[in-house]
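Here come two complexes built around subunit A, the first alongside subunit B, the second alongside subunit C.
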Partner chain A sequence: MSSEGPSRVAHSAPSGGSAAAKPPAWGGQTPRWAALALVLPALVVVGLFFVVPLLLSAVGAFRAADGSFTLAHFDKSLDLYSRDLIFTVAIVALSTVLIAIVAIAIAGYLTLGENPRAVAVLRWLYRWPLFIPFVVAGQVMRTFLAKNGMLNHVLIGAGLIEPISAESMLDWRGIVIAFVWKQAPFVTLLLAGAMASLERQHIEAARNLGAPRWRVLIDIVLPQVRGTLLVGLVLSFVTMLSVLSVPLMINPNSPTMITVDVAYRINTFADYAVANALCLLSLLLAAVGAAFYLRHAVKRVETGS
Partner chain B sequence: MKIASSLGPNLVRALVLALFAFVIFGPLLNLVLWAFAERWYFPSKLPSQYGFTFWERVFAPRGNAIASLGTSVWIAVLTVAFSLAVAIPAGYALGRLKLPWRSAILLAFLLPQAVPNLPVYVNIAQVFYQIGLAGTITGVVLVHASHGLVLAVWIASAAFASIDGSLEEAARNIGASAWTCFRTITLPLAAPGLMASAIFVFLESLDEFTGTYFVGVPDVTTLPLLMFNASMGGNYQIASITALLLLVPSIGFMLVVERFLKADVLAMVGR
Partner chain C sequence: MKARMLLLSIAVLGVAAAFPAAAQTTLNVVSAGDQNMVDYVNNYLGPKFEQMNPGVKVRAVGTGPGDSGSQKIYEKLSAQQKAGTATWDVDVAVVHQRGAATMVDEKLLMPYRNDVAAGKLVSRDTATNALGANVDGYVLPMFHSQIAFAYNPDVVKTPPKNFTELSDWVKKNPKQFGYNGVKGGMSGVGFVMGWVNANSGLGDKLEKGPYDPAAKATIEKSLAGLKDFNQYVVMTPGNAGTLDMLNRGEIAMGPVWVDMFYTWMADGKMNPKVKLSLPSPGLPGQPMYYVIPAKAANAAMAKKFIDFAESPEVQADGIVKQFNWYPGIDPQYVQSKMEPAAWNKLFTDISPADLSKNGRPFPLSQYFTDIVEGYERVVLK
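This part shows the complex of A and B:
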């Protein structure tokens, strides 16, 4: 997963579980060390180019220039960037909530909608931003949301705002809009897939008893796909936390997101210590979500569901 | 009567869909306008002149865009080759064989998904700088591959796991060696899944920004970096044309994605 296009990653989960259920073709004849040897090169690459740099980041955040242990980098980080930390959390949290609402609404309509043409149109529409990289989404929103952008022209043309009150949305709102525009289709895709594979009986029964569609969605459909929704949201949360291009292009000035500060510390001061401290703080923010996701994913693979 | 009563909901539905279409396509349309705008001054609603001047500049034989496109595609091809070379054996072992410490190994392959990547890029850039890999194609490929790989392992293991084991057994029973069996039975059967993972890794590498931003400087300029630099330099036409180039494979893949990934596969996520 790169931080710029990670969403396309999660679609196929490792389905090792189903393999565990099947007898391996000639696994009986293959010694266990041979299986390990096949995995080893991939493990080494992930270890060298992912795990080691991650550990280096943790070490670098606590190491003074003379090599001794220090908390000074964290003091400095909090001193300079505590506002940006709060800004980052607020933006990513708000985006996650909005993504959840949009994804539930669209996936819910795709599952329960009764007008086949509207469902088909919506299914075709919603996924366009799915694989658009963040850096392109940033550029797209940079022109669309600008003071002279299409959004304002359309709002003025529709008589919804006065030309004089047209303003640029290239601030926190722009970041949130870019994030939701880009990530909601991903969560919707996962959610709609999970909803499509549900048993229809309960839904039909509730509909026959006269339950309105939104009740069916909230009371019957949603509880059964909660896991998928949470995984999609956690992946989106972690992804948005480390996107650099969107905040850099839409809102580079303070208050801004931590990723911009990290790039600034490195490009301007070559200050890896504070950059690492900031990185570690954003890791902490992601830790809860990451722990949830990893536990969930491993459990699923282990039980072979 | 009937017609009148169904008109209301239909109208609302059409309006909501139209609004949604604007939300999805409005930003993209704005990008297309910029790509063909010769002049567009504040506060006019539309460009005052359209043309291909900037396209000629972008596609000039010695233009930066052609060079960046070449660099991007070359990096993506190397990333796919490297990722699949290590992911196919790993995917086979995970999907087909008895593997000790299976869950710990899976955890290692899930980790890059669940952890913000910025600290990784920052520190890998520092290490690469010390060993002379910063600003080289090799360095960028290694960074791209360490992420593409994870993805490729997952899809490959799913592809191998879904193969009917009795076909392999039959081949083994009539005396095929393990290698012959893998080469003539298992690999061809898993080919569509492996192809899907190759496309995924290719796109992922083509679109990657943050890692290249830290590791590729100053010598490796991929298409996303060129787009970013043009945009930050205020050259919206060049940025928009480059962005359109990047959109082509992304949207093309979006349109065919369901051929690779069925709803039941999607439903496995997070169960």
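This part shows the complex of A and C:
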């Protein structure tokens, strides 16, 4: 659910820039009103169902039971959940790094691979997790990564580990694995698209001069698609911050991700105030990603690339 | 001409088909709890009631497991109360104790126990008292459920009889006991309640009150022991997660809901060797309550529905035999309606005597909050 939102944003940013250049062709005053009328329904929906609840939730985070201003909810959030906040950042950051590595490897092979059959199979395979919802990914990992789960059975069967050293990975590792498995294809999709649209001459020139493929990938291809990679990673970062199902299914115990704590405050204590405060704190984390994204999107529009 | 006749007859048929639907009463049953609660109404109770009352359609909706399920029902009713709606669209709700206490307190419910015949069949104090709140007259227990230790007798020859023995056992057998913390479902929460009850020395006070905020320190002291205990145990992902891990042989013991355990057993999802035991001084259990919202659209039909659901026949066949819950009404009325074998199945591992001695209610709401928050503060930090 949350994975499709950001991808739409990704496409709309550059096209929004080019649309802004077109209106003069319409001419006159009326079309401007018409344009306004056209976007109004969308604006109202966004305002009513997104901005207003967001503001209410932000206000709720600072409001005591008697309606006065207070910071007590933030005190409590930091007192009880600062460890989970750090854990959330660490997990999401680590996942983002791993996603980058996996996506570069897959997209790189799709662009530079020389065995057409292997490229075709990989191209067909890598997209599958894109269509699996997070909750299903969590559910699959629950049996796959358990101590006596499929992964360990395979490893033991292949003689790679001893049965006695098999351990459950249903902790932070499970969450990271689920995130990388689910989000890497998304970034790969963006990255492979960007790599495919590069001028082939650069690559061929480098290959003719004797550069190995990994040098071509790192020195020639990657610098040209850096922007796309960054956007994909930022969107993944923000998406992962908001996922509740995966940590809930894999490891709802401490330390856990902040989304689980938000759900827990509401479900167990009907405590919307602290939940709101926690949401605002995770919004701050997401804002870091948003700042990156905006800076880059603006740069792209300005340079026209 | 022929075509017109055809159209007309189609129209007549259409009206005839639509009419009974319009004359039907739809009884909206909204249930908190796991999916098996919704299944119980949709697959068992609803069809039987519809058969006995032509023209009535029972529609059951689930709001999710745990207290959050009841919280959603509370929020819905509360919103309708605040909006001043004349009739509310929930006729029968099935809620947890905490939810019932809040709803009675905010006048969201209608007293009905004296209006239904089955109201006289209840005997446990849960019919009048929900975690210290007086709910007399507003609720009837649908069933009682209980948390107990499930253990694999191949690994655990004699299960620990109390929490001290358990602590010794986990130190000798690290990572063989698993529970689901306080954020992963009520069987874990219940274990924590049992731990505090056993180790704080507060005993009955937690369940009967009066509430004393100063007890917080005592509670947190007993939770410090749990932090140490946690180093030797495995954290499981949820109520079902504990049963899963027992099944896969990843843990040898853990707290589970008895009804869930028996249902898995009956479905063949559970290692048949696994047994139950109830340690001293006890683990909590809880009823689910049938309640009627204060402005239910079909209150009369709702009472009839609950009366039927609480009848000894339904309690025997539906609640005990098919869904493996302990009865909501006094067991003596239920036992006589059942074959001894089916009745005894429920008490194979935990005798009725153990159940009445070590099956405890959850602590009062305020203590409950103190304990789970204390767990976050002392054990998790």
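The criterion applied here is as follows: the second predicted complex is superposed on the first by the 264 of 305 C-alpha atoms of A that agree within 3 Å, B and C clash if a C-alpha of one lies under 4 Å from a C-alpha of the other, contacts with A are read in each partner's own complex, and residues count from 1 in each chain.
Basically, contacts are C-beta pairs under 8 Å (C-beta built on N, C-alpha and C of every residue); 3 or more make two chains touch, one makes a residue touch a chain.
Not measured: the values here are computed from a predicted model.
Engineer: Counting only touches as set out at the top, which of subunit B and subunit C does A:64 meet: first, second, both, neither?
Structural biologist: In the superposition, A:64 touches no partner, neither subunit B nor subunit C.
Engineer: So, does A:97 touch the first partner subunit B, the second partner subunit C, both, or neither?
Structural biologist: After superposing on A, A:97 lies clear of both subunit B and subunit C.
Engineer: Touch test for A:218: subunit B only (first), subunit C only (second), both, or neither?
Structural biologist: Neither partner.
Engineer: For A:46 in the superposed arrangement: first (subunit B), second (subunit C), both or neither?
Structural biologist: first
Engineer: Does the superposition put A:290 against subunit B (first), subunit C (second), both, or neither?
Structural biologist: Touch partner of A:290: subunit B, not subunit C.
Engineer: Contact-wise, after the overlay, does A:120 reach subunit B, subunit C, both or neither (first, second, both, neither)?
Structural biologist: A:120 contacts neither subunit B nor subunit C.
Engineer: Pick one for A:72: touches subunit B only (first), subunit C only (second), both, or neither.
Structural biologist: A:72: touches no partner chain.
Engineer: On the A-aligned overlay, A:83 touches which partner chain: subunit B = first, subunit C = second, or both, or neither?
Structural biologist: second
Engineer: Per the overlay, which chain contacts more subunit A residues, subunit B or subunit C?
Structural biologist: Of the two chains, more subunit A residues are contacted by B.
Engineer: Which partner chains sit in contact with A:193 here, subunit B, subunit C, both or neither? Use first/second/both/neither.
Structural biologist: first
Engineer: After overlaying the two complexes on chain A, where does the subunit B footprint on subunit A coincide with the subunit C footprint?
Structural biologist: 142-143, 147-149, 248-249, 263, 266
Engineer: What residues on subunit A touch subunit C, complex-wise?
Structural biologist: 79-80, 83, 142-143, 146-149, 168, 170-171, 248-256, 260-261, 263-264, 266-270
Engineer: Spell out the part of subunit A that touches subunit B in their complex, as residue ranges.
Structural biologist: 1-6, 8-16, 18-19, 22-27, 29-30, 32, 34-36, 38-39, 41-43, 45-51, 53-54, 56-57, 60, 115, 118, 121-122, 125-136, 138-144, 147-151, 153-154, 157, 163, 181, 189-190, 192-194, 196-197, 227-232, 234-235, 238, 241-245, 248-249, 259, 262-263, 266, 272, 275-276, 279-280, 282-283, 286, 289-290, 293-294, 296-298, 300-302, 305
Engineer: Within their complex, state which residues of subunit B touch subunit A.
Structural biologist: Against subunit A, the touching part of subunit B is residues 13, 17, 20-31, 33-34, 42-43, 45, 85-87, 89-90, 92-100, 102-103, 105-127, 142-147, 149-151, 153-155, 157-158, 160-162, 165, 168-169, 172, 178, 181, 186, 196, 200, 203-204, 207-211, 213-214, 224, 227-228, 231-232, 236, 239-240, 243, 246-247, 250-251, 253-254, 257, 261, 263-271.
Engineer: Which subunit C residues qualify as touching subunit A in the complex?
Structural biologist: 66-68, 71, 180-184, 234-235, 237-238, 241, 244-245, 248-250, 369, 372-373, 376-377, 379-381
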